[in-house]
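You will see subunit A twice below: alongside subunit B first, and alongside subunit C after that.
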Partner chain A sequence: MNNGVLLFVYNNRDIDYARSAIIAGFLANTNLQVPVSIITDESTIQWMKQSDIYQHAEKLFDKIIYTERSTRLNYRNLRNGGLEKKPVLFLNDNRCKAWELTPYDRTLLIDSDFLIYSDRLSEFWNVDSSVLISSAMKDIRGDRCGYHDRYISDTGPDLRWATTVMFSKDQESKVFFELVESIKDNYQYFSDLYSFLPGQYRNDISFSIAHHMMSGHSSSLDYFLPPILTVQDLDSIQDIDKDFVRVYINDPITGQDNFLCNLKNTDVHIMNKNALIDNFDKFERFL
Partner chain B sequence: MNFGYLIFVNENEDVDYLKLAYLLAISIKVTQKEGYDRVALVTNNKEKVSQLSSPWVFDEVIEFEREEEGWNPRSWMDRYSPFDYTVCLDSDMIFFRDYSHWIDSLIGSNLEIFLPSSAYTYRGELICDDFYRKTFTANSLPNLYSFYTFFKKQSSIREEFFNLGRWIINNPNDFKNIFLPKKMPKVVGTDEALSLSAKILDIDKIITLDNNLIKIVHLKPMIQNWPWPADEVFDHVGFYFNLEGKLKIGNYQQNQILHYYKKDVITDEIVSIMENKIWKK
Partner chain C sequence: MDEKLKKALDFSNLKKTLTARREHIREKLESRLIYGHAGGIFNIDHTLITFVQMLIDQGRKTQVPVIDSNKNPILIPDLEKFRDEIFDRYFQALGEYFTEYEKIKSSRTVEKLVEYE
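The block that comes next holds the complex of A and B.
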């Protein structure tokens, strides 16, 4: 079985996803001991070349797969530590193409800000389940997880987290990804059916609905990937290295540093992408 | 094995409980395998049963001769059951699939009495909210639900348990003042009475299971884990009963036994759909 990790990487003016993906790819490769590939576009590659990081990408990534850049403009509010939010563009709507684009028989699809510091996800390569998705999000402070971090809507299904998705390239997963694509293409309709706000396209919601539908429109008793331990975008990075990340966990009301937390041997989702990108140079010596 | 389901109907002017019991009996006949699909009805109006299109879905119809109000007749379940092993159900319930392995498990576990100590939302989540059960929490009553009460006829504790339950129902003030002084209930219903009976007899730990096998969906509105208060479940989620006799509530397919609670959701059309299913079986 040909296992590997896959990341989608599309830069924009606000966020240098390429740097983030190189850090995430390096950690995935180091700790899971499997090849890592990226799906990207020409402009992101051009940016990598201009900013002198392409050689890292070439060396690190097993395959660099080119696609067309999405034309669907999708914005979300992002913090960069603290409470201030800024609307930023993100291009995320072709994740449903992971099935056809992946070079692997069994793929772990991860966000480019998901840092793999352990080999825990290796346990799932041989699980007899065509598609595995993370069951939930776990806020690192424990009390900043809202209702809509748990459900796609007030009365709707559980929100699964597409931050980590593992799938085999078979007929069942093909149907799953086709379903995700259909939900994406008919997002307004599904927002009416599942009572969520359609303003911003979220892969988490499309993947959750597809998972819900493929579980017989009921709560699945199937296996899940572990919950996503999440450092929120109002938090910031104090220090990071190939073995640990140390973060300031901020108070959701004041936005001020509440305490310092050192994470080691634990996979973590760093939602403050710029804080991660700003620390890119600390990884360059390992690349 | 002489097993069957028992349903009580106490006629009143507000709700057609016989219609609900009839639908439940049809759903049992449609979904349960042979040997696990027998239904006995206890009613105070036997004549009305014969007016149903398919009264044969009740294997036995037993006249209830006592003068009891509301749901009090249900406390006599152990006396009226014609079966060796019985599950007494509330009439406002419906079955969607084969649950015979639950019965095998209950009988195989040598339980003499069983009442679930948990219930689930329409999304399949465990109900943790005690909104309707403040009395239970405040007075440390075991959290038992009588809507699915299993008992074995040949049992040493059965008679004591139900006799005490009946005594509590008939003398509520004596027991409320002593055992339920906090958040005192206006009415001591079957749930409170049987839970208190289990507590007094110190059998609450041996008449329930911790294995999450038996899952009953309870559709009272304030316990659906919603982020806001709700007066009615169906103000917020749809009730979609299809021609196959399958039900979706909101986005969720219902596979467990459903205690729908809101009686008027059962229309003549739903009864007709289920009648068609049983006739074709």
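The block that comes next holds the complex of A and C.
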């Protein structure tokens, strides 16, 4: 079976997802020993060429797949360490196309800020399940996982995390991704049905609803990928390398540096994307 | 800042860092003990190891169904090979956990705890 990792990469004026994807792609390739491909658009590639990182992308990625950039303007509030939030553009609504665009028989779809520092996801390549999604989010400090990190709403299903999704290219997963697309296209309807706020499109919500529906509108008895260990966007990176990341864990009330945490050989989701991108040069020597 | 208060805050910071570090190595241990085999997922623990060894001792060595971590029956073609693999993984992961735990126990500063050099 042809296994591989897939990332969606669309740059915008606020976040250089290309750099983030190169770091995430490099770590996935190193630790899972499988090829990594990206789905991107012409303007992101142009940016890579202008900023002199395209040669890394060409060398690292198995396939660079071009698509049209989404025209749906989706904003989210993002912190860059500390409490201050800034609305940033977020082009994320074509993940439902992963099924048709993936070059692999079995694909691990990851966010470009999910750093794979271990080989534990390799254990799931041969699991007898067409679609696997992460069951939950796990805050690195342990006490900052809010209601909306666990549930879609009071009346909706549990929130699953589309930060990592593994799927085989078969009929069952095709239906799953078509369902995700249908939920995306009828987001207002589903927000009315499950009582969640429709303002910002979230893949996690679409994937969770699709997963819930595919499980017969009940709690799934299927396999899940491990919970996503998350360093939140109010935290920042103290240092990073190819086998560790050391982060400042901040207090959710004061936003001040609280304590340091060293993560070694552990997969981690870095929600402070700019902190990751600012450390790109530390990876350049490995590329 | 009052010297006594500073010492107390430093100690509190050390304890928080220590707790986070311990939590992290536990998390790492758990992830090292996930084993994908024959389409199932197994959490390697004492129960699994003992049960598999007991099956082998009873002469059940090939084509044996075993319940995985998701409560699905998984047919194991070669149980001795399976046992060897879970044994190896268990002791390797436990060895690493022990080494890291000992290192944490002997660390008396935040710098040592986060391996800041």
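Heads up, the rule we're going with is that the second predicted complex is superposed on the first by the 287 of 287 C-alpha atoms of A that agree within 3 Å, B and C clash if a C-alpha of one lies under 4 Å from a C-alpha of the other, contacts with A are read in each partner's own complex, and residues count from 1 in each chain.
The criterion applied here is as follows: contacts are C-beta pairs under 8 Å (C-beta built on N, C-alpha and C of every residue); 3 or more make two chains touch, one makes a residue touch a chain.
On a predicted model such as this, the values are computed, not experimentally measured, just so you know.
Taking subunit A as the reference, the larger set of touched residues comes from C, when subunit B and subunit C are compared. Of the two partner chains placed around the shared chain by superposition, neither subunit B nor subunit C is touched by A:82. Touch criterion not met for A:198: it reaches neither subunit B nor subunit C. Contact with neither subunit B nor subunit C is seen for A:252 once the two complexes are overlaid on the shared chain. In the superposition on chain A, A:103 makes contact with neither subunit B nor subunit C.
Of the two partner chains, subunit C is the only one touched by A:263; subunit B is not. For the contact definition in use here, the subunit B contact set and the subunit C contact set of subunit A share no residue. Those residues of subunit A lying in contact with subunit B across their complex are 147, 154-158, 193-194, 212, 216-219.
Touching subunit A in their complex are the following residues of subunit C: 13, 16-17, 20-21, 23-24, 27-28, 31-32, 34-36, 38-41, 70-72, 110, 113-116.
Of all the residues in subunit B, the ones that touch subunit A in their complex are 123-125, 224, 226-228, 236-237, 248, 250-253, 255.
Interface of subunit A with subunit C (complex): residues 118, 120, 122-128, 138, 140-142, 221-223, 226, 229, 244, 246, 249, 258-267.
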